[in-house]
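Right after this note come the structures.
Each of the two complexes below includes chain A, the first together with chain B, the second together with chain C.
Moving on to the complex of A and B:
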């Protein structure tokens, strides 16, 4: 394949990565924005989503689509409930103190990850995609006989990957609508801006925190359900999404949701493209180092405002 | 009186460690050699976290710098043990100066994430140069090379007492350091950074000094680990090994001199016992972290100090 089609293939991979990443990072960003909590266990909720998706789709059986749709509906809610429970049981009791929540969520990370290892085992298990037709893509070329359309061998995309991109965009749309146009969003934004004032106006802050923590974990789980037909479910799969989501949230500006979306697309695309053309380890080294540098020299992120 | 009591306490701890060598069965003697080396790491971490109040999530890079500085200079530089040890510690020191200059520009959550990211970069760099470092698989330092002035460090006795001597030096040095004006200033920064600055202390320089001393101790521990156990591997640079010292110090008691040792002993045996039941032994570490933050944020020694022995150093 020539460079052009190759680049196009890499961009499609990048777009799929971005789609998953934007959901995961959104969850992290909302939790940080509203609750000022850095949830180190976020990647493990992602992993739980993938493992549950496998469990649900195996239990349902029948055509792959039934299992997948069931997983898509059940799993994010289930993971969200678990996260809300964790919030009530642990984070509420330490009063969301910054240092202590980080230590506690590191603990939760190991508890979730190692329990999964005990109950689910160390194997990676696949989930069958509901549909997976391969579509060949055209490429344009100015050859000797002028402009023509060719169908290079290997330049193709599966319908499922297109669905993932589409699904992520729709979820983002719904999320944007809820946050800016409904009362739920209003309550969340009020809590974010001033916790005490919101409470004085009758916002049940504790319940909001619990819901928000659940929502954040649910978004990660949703991303995982979408990714699991492409990538298998494994108990250690939470590490990379956590790191990438952190990177996205930092680059986008801590707590800034539009920044998060832009950064997720940027990071996802470049991750996809760089790992196709260069060594993935080198790409990760550069990415992690650059992020640390961004945080050192521009702590408010690229899009964020300076904290008051 | 307090000075006398704390001197007595520290001597008792050291005497107990010597006595343990003659009392314990062989397996636990080996375990305690490891515990003492890891306790040096915890002591270094405690200076930054317990006394200065800076929570780093990337100390594994200093530990690994000491370890790889030692291992690589022996295997590729052809150095003998002592110069290689010096190289390891120097590497950790230089790395902590560089990281300190950059990371200390940030505070709070950003500091934790920046240290985590730097450590992750360091870990990935080790993997990237797998040709020399042999990545996750690691490499062995030959038994024949591991001796100082004719003393074979691989025998159980020599290993135990080398670990003991290094531990004793670090333990006493740290006990001294935290009682010195420098140590008191660090505590002042932990309690109220703004006030410390207003009183005229150069907070930035003090924090950097704390980070570098902490990094040096971690480097000593890393080099000692490679020297005594003969193995160098990338898993020691992974994020687990940044979490462990935090766990040890929290468990034992942050900001106490004996806390790190207590924490390492407890955690070591907790994991040792649980790993004979299940391969998910990190579960124990996770539960310990959550329970500690919920019920005993001051750890074992910290709770003792609060409840019973108020003079505990």
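Moving on to the complex of A and C:
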């Protein structure tokens, strides 16, 4: 395949990675932004999402689409509820203390991961995509006989991958709307900006925290439900998304949602393209190197603000 | 109306208040004076339920406020204008007001009323709070608290760092609220401001209330100020 079509293929892979990453990182970013909690267990909520997606779709049976839609609706809510429970049970009791929440979420990470290993087992299990038609993509070329459209062999995308990209964009749109245009969003932003004052104006901060922690985990789980038809559910699959989500949140600026989106697209695309042309390991090396550079030269991240 | 009875509180291990009592009636401006670190702001925070009391209680019209979860205290009708304004910095003027309205489910009427009190805010509804001038921020903080249609208003150094014309505007609003029957607790450093509007003055020293007097007494007897404020 020529370089052009090859690059296009890599970009599509990158866009899919970005789509999943943006949801996961957004969850991490919202939790950090509102609660100032660095959630090390975030990747495990992603993994739970994938495992539950497998469980739900296997239970439902029938056409793959039924199971998938059911998983899409049930799993993020279920994982969100589990996370809210964890918040009430553990994080609330240590008073959201910055240092202790890190240690606590590391503990949660292992509890979730090892429980999954015991109950679900070490196998990687696939979920069938609800639809997966292969679409050939055209390429344009100036050949011997002028401008023409060709259909290079192997240049194609599946409808499911397009759906993932589209779904992530829609979820982002809804999230943006909720945060900026609704009362719930207003309360979340006020709590983020001044917890004590929010409380002085009647905001039940503890309940808001619970919801936010649930929302963050739910977003990760939603990303995972979307990814299982491509990637398979496995109890150790939470590591990479956690690392990448942290990279994205740091590059974008802690707590900055627009920064998170930009960084997710940047890292996702570079990950996709570099993985296709070189190797996935190199992609991770470059992403991590980028974080180091951002931390040195712009510690507040691309869109972050310096604390006043 | 608002009764504070012998409260003891502090921040974790550090005790700040060792028995403070106060009683504020409707239509009265009650000033708190004392040196820095005497515990004035701590007292207001304790009334708001943001600090756990080790002893004593706070009641409003006979209902116990102490012991309620902190977010329910404002819902009983207490509007808080904290030191340094503490607006929601990234929210717009309109959104800050909305936060005040939401606290007790107030609607468009109340919003119109506070915007009438502070017409300057009306011109700046879509402006982000941090970009306002100091005086405008103080107006917004006051408006936000009035949005609760509270029974009691707590003001913590509302004139700090403002130019004289702004101080006068804030003063007028406070006097107007008093006339409408609000109970007002005012923490203030400037003696002349206090003497002109206060109904009673409580001096706080080392976390205890030492003396509660009428402003006329202070004007006559200069030794009180030397004793508690060192001026």
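One rule holds in what follows: the second predicted complex is superposed on the first by the 305 of 308 C-alpha atoms of A that agree within 3 Å, B and C clash if a C-alpha of one lies under 4 Å from a C-alpha of the other, contacts with A are read in each partner's own complex, and residues count from 1 in each chain.
Heads up, the rule we're going with is that contacts are C-beta pairs under 8 Å (C-beta built on N, C-alpha and C of every residue); 3 or more make two chains touch, one makes a residue touch a chain.
Everything quoted here is computed from the prediction, not taken from an experiment.
Trainee: Sharing chain A, do chain B and chain C clash or fit in the superposition?
Mentor: Here chain B and chain C can both sit on chain A without a clash.
Trainee: In the overlaid three-chain picture, which partner chain does A:170 touch, first (chain B) or second (chain C), both, or neither?
Mentor: neither
Trainee: Report for A:117: first if it touches chain B alone, second if chain C alone, otherwise both or neither.
Mentor: A:117 sits against chain B, while chain C stays out of touch.
Trainee: Look at A:100 in the shared chain and tell me whether it touches chain B only, chain C only, both, or neither; answer first, second, both or neither.
Mentor: It touches chain B, and chain C stays clear.
Trainee: Considering only touches as defined above, state whether A:246 meets chain B (first), chain C (second), both or neither.
Mentor: first
Trainee: Among the partners chain B and chain C, which is in contact with a greater number of residues of chain A?
Mentor: B
Trainee: First (chain B), second (chain C), both or neither: which does A:108 touch?
Mentor: The first partner, chain B, only.
Trainee: Just to be sure I read the superposition right, which of the two partners does A:289 touch: chain B = first, chain C = second, or both, or neither?
Mentor: In the superposition, A:289 contacts chain B only.
Trainee: Considering the aligned complexes, could you tell me the closest Cα pair distance between chain B and chain C in angstrom?
Mentor: Here the least C-alpha separation of chain B and chain C stands at 15 Å.
Trainee: Please write out, lowest number first, the residues of chain A touched by both chain B and chain C across the two complexes.
Mentor: After superposing on chain A, no chain A residue contacts both chain B and chain C.
Trainee: State the interface residues of chain A toward chain C in the complex, per the touch definition above.
Mentor: Within the complex, chain A contacts chain C at residues 183, 186-187, 189-190, 193-194, 196-205, 308.
Trainee: Going by the contact rule at the top, pick out the chain A residues touching chain B in the complex.
Mentor: Listed in rising order, the residues are 38, 90, 93-94, 98-100, 102-104, 106-115, 117-118, 243, 246, 250, 254, 279, 281-282, 284-285, 288-289, 291-293, 295-297, 299.
Trainee: Report the residues of chain C in contact with chain A in the complex, numbered from low to high.
Mentor: Per the touch definition, chain C meets chain A at residues 48, 50, 69-75, 80, 82, 86-91, 95, 98-100, 102-104, 144, 148.
Trainee: Would you tell me which residues of chain B are touching chain A in their complex?
Mentor: Touch list, chain B to chain A: 55, 57, 102-103, 105-106, 108-110, 112-114, 117-118, 120-121, 124-125, 127-128, 243, 246, 250, 278-283, 285-290, 292-294, 297.
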